[in-house]
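These notes open a run of structures that come right after.
What follows is a pair of complexes built around subunit A, which joins subunit B in one and subunit C in the other.
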Partner chain A sequence: MSAVDAPALALTSGGPASVKRGRLRATARLLRLELRHNAMLWMIPVVAGLFWFTTYRKVMSMPPLWYPRAAALQPRLLLVFVCPVAGAAAWMGSREARRRTVDVVSITARSRCVRQLITWAATAGWAVLAYLGCIGVVYGVTARQAIAGGPLWWPVAVGAASLAALSALGFAAGALAPSRFTGPLTSIAAFFALALSTQLINGSQSYWVVSPVVAAPWDLGPVPGVAIFYHYLPDLPIAQVMFLAGLTAAVLGALALPRNSGRRSLRAAAAVVTAAGLLAAVTAVRLAGTGKLDAHGMIAIPALHDAANDRPIRFTPVCSHTAIPVCLNPAYASDLPGVASALEPVLTEIAGLPGAPARILQASVVYHQGAGNGVSVGQAGPTISGTPPAYHLLLPDQLNGPAFTTSQLADVTRATLGPALIIQLTGYGPAASPAQRAVTEALLTDANLRPQSLALPPGPPGSSGPSGPSVPSGRGQVRTRAPSTPPWLLPGSPVVAAARRFAALPVSARRTWLLHHLPALRAGQIPLAQLP
Partner chain B sequence: MTTNTSVPAASDHNARPTRSPRTELHRPRRATPSKRIRTALARNARELHPLRSRLGWIPASPARNRQAAQPPQIALRLGRSRGQPNPAAPSPNLRRTRRLRTALRLGRLHAASRRIPAALVAIAACAVGLRIALLGHWDSYGALQLPLVFETGAAAVITVAPASPIGDPERVAGRWLPYLRLVAALVLTATATVALAAAGTGAHLAGGWLDVLRNVAGSTGIGLLCAAAIGAGLAWAGPAAYLLAGVYGLYTQWHHPALTTPWLWPARPPHDLGATICASLIFTLGMAAVTVRGARDPAGQTD
Partner chain C sequence: MLNIEITDLTRRFGRTAAVAGVDLRAGPGVFGLLGPNGAGKTSLLRMLATAIQPTSGTLRLLDRDPGSYGPRQEIRRRLGYLPQQLGYYPGFTVTEFVEYFALLKEVPPAQVPAAVATAIERVQLGDRAKSRLRTLSGGMLRRVGVAQAIVNQPELLLLDEPTAGLDPEQRVTFRALLRDLGQRATVVVSTHLVEDIGAACGQVALMDGGKIVFHGTPLELTALGEGHATGDAPLERGYSAVLAAARS
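Take a look at the complex of A and B:
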């Protein structure tokens, strides 16, 4: 018995129920045969090797946060699958013509479009299964490493829908132009279309963001600080899934339109499916074109946006046991020991002084789309707020910079936040008095911070500090500031001499003087000569 | 007692069965072909038999086999040494012309069976595509990845070309087949390199023609090795997979740690010696594999 004569046998053995059961059984058997003899099965080792080489190692080197890993995984994994899936689908689509069995199989019980649908389903099924395997590996490891949050499933859905669409396109190419060259050319063309189509994206408001390789605002990338303080926005993934599902339906429906593909009713249904698919795809493209970068680093599409996602996520911070507690979002709990130990000298120096913060609290980042592909990044809210006062900090790995090791993160935090805390305490600024400059310099020296920090102009209120070494500026570009030594810090200047004298005081004497004179110092009422 | 029987004795294997008169009488007469058809068949047989024998497609005639197997003194006894020209044989010029025509016909048939014309069209399409793409404005990523994509496309086309629609029967029937495979692969690779380099003339082609030569040769080598190992039908998976590895290698030039191994030659500069050696080695291995073994395809699997 072959897969296609099962319904005939079922007809003889019972009523309509058994006929239906027999048809289902035959379809399942045909699907099983197609699964066993599918070219995509041979592509799985290739995919596994590429996944490990290009994706797994890179994604695993990211911080153990769900959003950056999921957002980085989606385009990378898709590029791993695009060539094998499109090529294998084209190979399977051209099988009947390649083996010259078109006439032979045309007399079987299954119509042409049903046979093609089952072959496509087998190809897409293997591809999605391999894709889910790769996702399972990354998500499984991340689940063991991540402290807060949960897996994001919308990127997974976009990837699965992309594979279905890719296999449908490849299958259609193979069925319509059966040749030995269809497979390779389809696979390379699909790679070209996916990997290089993003060149056309200009800003966040672009129709091209509907491309499934766009998992985050294209100018920003998968920034680690996104979707931690605010909910993940599924607006763009919804539009992408809609587009991909519509494209798949349109392509598969179009395959069933030719006269020899089945009954008239079947072709009429295929025409309806094709039209509906095209409509869905066009609608999704138009929706994607209305999306724009929101303040939390994701693309919001007004027609698909849920206002509930704009509320911040409530969390209980994890705090250090330093003189001034450093409190971070639980997602960054792994950074806490390094950050606290790096800031401990500064925090011990300023703890209890007038104007010193009661605690250091991690803040979220706000994003603003600039002209062209530029994105400006800043800190949400004021630097100091609340009673007792809390100093809000941005960790360097919340920004779109290079990935940091624990020691690098500690060094950068100490070099940026340490001077910012002292400057905030002494009221140092462009109009600071010489005494303010000298005390600031002395405190920085005592805390083993770089004196060159003073050379940098104070940063904007939202930035991570006046001595921030780098400011991300979209697409991984980093704008650096070259330090220059101001005249009051030149050797032999009165400010430097006073700073050395103040720093040479015993800690208790310095602290007592600051306790009594810090408000006056901040107000600029203490001349340089009054410094001890 | 002797019996008149048509069945030979069991011990006499060389004895031919005698046909009884009754059998002879009742045997249906074969339809006699017309004189014109007979003449044409005889002419075809005369013309094609030596040609097929020379090509090794069919064994040489029994007489020729006997002559070749006999020692020289027997040849002398037949009245003519082997090196002595046969007065009935065609002149050397005619023989050369026939050989040339035979070689051309053989090459044409081989090219047709490997879809070489279609492969050339596909390679030309890759070159045209590259030229059109180079007209656009690309950022650094795109400008570096763009030529590699089209080079891989051309290499993938070369890779699937060796698939034989005849399969094993062809392997055992012709001694010129390895040379034909080698020439076909070389011609396609050279055509792809020249076409892609020409497509980049006058435009900003990242890496220049040296990069094109190295990448096309290396990717083709990978593809031909895959063709010899798994069959030409799906051998494009090799160059396609290497495309992603190459693109990733280029990507790591921006996002460290950079991959500097010469085995990822697309990520190396055009004048890098190690990368050139690696690509050349793979190309040589691929050529050798496909020349000696050919693509591993069963008959009837490819168009």
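Take a look at the complex of A and C:
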């Protein structure tokens, strides 16, 4: 041991600028030390495992569309992170008391609040970094799979802000009630607080939608068809980020309020930050309470709403080369071959006939908030519109429900849209004439569609008339009523006999007859006996 | 130059006066603070370290008033403190732990690596600089505590039981370090091991019941013990004699 004759080493020499620079450098080095020895670092493998088992596989099983994946990722990932982040933050917040270093660190020149802020920043930094890593994996894979649109960053911002808030709350719990049990207890409390925060949501208009686990209208969920035809609405995420940032500021500011936290000006600033944070959080909650389900399946908050987001997104549809082109939004381009080939027999049958659509266009879905948590879903606009007429379809993929394979989607589309197209052409309905019934059944038979469909005019919930497709209610299943064969379809009935006779005609003869008689048939002016 | 000026300093914890009307002045050099358990040494040291505030009395450290925020920060930049029970972060290496305190004490960042290395060398832990604290023995951890206390080359160094857990060889070396440090700084060593005082301190104060019952040199304390029966060494006899006189 040797003596060193030197004055005390203190960051006071030089001008204020050099002292400030020195403090910044020292802060950076302290942060580096805290990052290296942060409990959150040890939580990252746990988080990675939970992410893989509970989130990644489920999110990636969703259609390769940005909105449903981002909206599903936000709450799932938060529930993965909540326990490790809150626990690690509480552990770090209680470190000085647990390790009995309070005396020796409290007599250093660095103020308590700066010291705590650095430790919290390291905890939150690791948490956000791990979170962004998980987001990067999902978004990276989605970017390779998705055909249209781009990554949604607002859900990511909500998640990152949530982690900052959770770590601040955990850190405060650890600092205020230091104990080895604080970490685990905070983890459990934070998990239940987050998971149960949605229990009181009733409909889309609720203060509780400010909870960061709400990424989509709570009663609707992340519907795949949302944010495809219309812009993603950042209204709710803005309110959530505002709430979480306010909460973080309030908690961290409150930590700096005690007398031993630092100089008076610092504590005064902390008081202002706390008040501003509380104000922001309360304002955000009130704003969230004014939100309501908009027609496009997202939550609109009037005070935060940008009317420009209500305009539909312009897109050039991708079309099939079938007799009647089937045109889909580019986001659904991967569905086009399956849908087109499923409909091809029907489209070939009806192409060019009077009243047949010139093309089939994918439509968007409209949503309407019902009583309580009920939501009615329908097709935007009429089923047929424009000149030349275009038939508007909804793909099962646009609606909430399980994901379909390509072949399942094709089956469901053929079973629902095929009959709908023929029904629309022949004018079939409850008051249809026997000739209409016979021709409809003949065309369905010829297009390899089940004639029983006639007895079951399908339509999506909320849509009017029998011409819309029915809604799949399960994987590859179509929701149907109990099958019952009407008397006019029983074997040997005149309608069945006429239908068989009409179906047996050569295609050219059938088309020629339809070309000349279809308007009269639709008007109910053709008796059954006149069918060739 | 007086680095410590204390007048009628009192610190109460509830109804108990841990420090009761202490007057003390000390300049550069090694100052020993002796006393039995509960005498108030640690409370006095914590007040000197600005960890707790006095209940009454005046305290000036390094010619500044620690009651005000700005001067207190100035004092803290020039202060080293080893508490009686130093906690540590087991995952930190020796270097990281000392660096952590260097940064908290606002040692200029450019000088931190050299200051840390010097402090670690001075407590003879250079070969364990990269060891994690959880792998060190109690004596080594005590030396790490000393290293963090001296890393900013303090003008006022407060050591509470610094030799606890050190082996005899280390204690001898440590006393030499104290003497070196005392050449430019005021080093206050609180202990109940009188041999440390005799070997390293120029001045000694003996506390009992929150009061200073003796203030002088070790030789003067030794002289007071002549003819006193309690104690194996002359300084111990002086210690016992003063305590006995104070309590009678």
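What we mean here is this: the second predicted complex is superposed on the first by the 492 of 532 C-alpha atoms of A that agree within 3 Å, B and C clash if a C-alpha of one lies under 4 Å from a C-alpha of the other, contacts with A are read in each partner's own complex, and residues count from 1 in each chain.
In this text, a contact is a pair of C-beta atoms (placed from the backbone, for glycine too) under 8 Å apart; a residue touches a chain by one contact, two chains touch by 3 or more.
Bear in mind that the values here come from a model prediction, so they are computed numbers and not experimental data.
Asker: Could you look at A:443 and tell me whether it touches subunit B, subunit C, both or neither (first, second, both, neither)?
Answerer: The answer is neither, since A:443 touches no partner chain.
Asker: Figure out whether A:187 sits in contact with subunit B (first) or subunit C (second), or with both, or with neither.
Answerer: first
Asker: I'd like to know which partner A:37 touches here: subunit B for first, subunit C for second, both or neither.
Answerer: second
Asker: Classify the contacts of A:255 with the two partner chains as first (subunit B alone), second (subunit C alone), both, or neither.
Answerer: Neither subunit B nor subunit C is touched by A:255.
Asker: Would you sort A:340 into first (subunit B), second (subunit C), both or neither based on which partner it touches?
Answerer: Neither partner.
Asker: State whether A:25 touches subunit B only (first), subunit C only (second), both chains, or neither.
Answerer: A:25 sits against subunit C, while subunit B stays out of touch.
Asker: Just checking: does A:273 make contact with subunit B only, subunit C only, both, or neither of them? Give me first, second, both or neither.
Answerer: neither
Asker: Is A:178 contacted by the first partner subunit B, the second partner subunit C, both or neither?
Answerer: first
Asker: Is A:104 contacted by the first partner subunit B, the second partner subunit C, both or neither?
Answerer: second
Asker: Output the subunit A positions appearing in both contact lists, the one against subunit B and the one against subunit C.
Answerer: Common to the two interfaces on subunit A: residues 99-100.
Asker: Please name which positions on subunit A make contact with subunit B in the complex.
Answerer: Contact set of subunit A toward subunit B: 39, 42-43, 46, 49-50, 53-54, 79-80, 83-84, 87-88, 91, 94, 97-100, 178-181, 183-185, 187-189, 191-192, 195-196, 199, 476.
Asker: In their shared complex, at which residues does subunit B touch subunit A?
Answerer: 115, 118-119, 122, 125, 136, 138-139, 142, 145-146, 149-150, 152-153, 156-157, 159-161, 163, 230, 232-234, 236-237, 239-241, 243-245, 247-248, 254-255, 300-303
Asker: What residues of subunit A sit close enough to touch subunit C in their complex?
Answerer: 1-13, 22-23, 25-26, 29-30, 33, 36-37, 95-96, 99-110, 115, 263-264
Asker: Report the residues of subunit C in contact with subunit A in the complex, numbered from low to high.
Answerer: Touching subunit A: residues 46, 49-51, 69-70, 73-74, 76-79, 81-83, 85-89, 91-92, 96, 99-112, 115, 118, 121-124, 148, 151-155, 173-174, 176-177, 180-181, 183-184 of subunit C.
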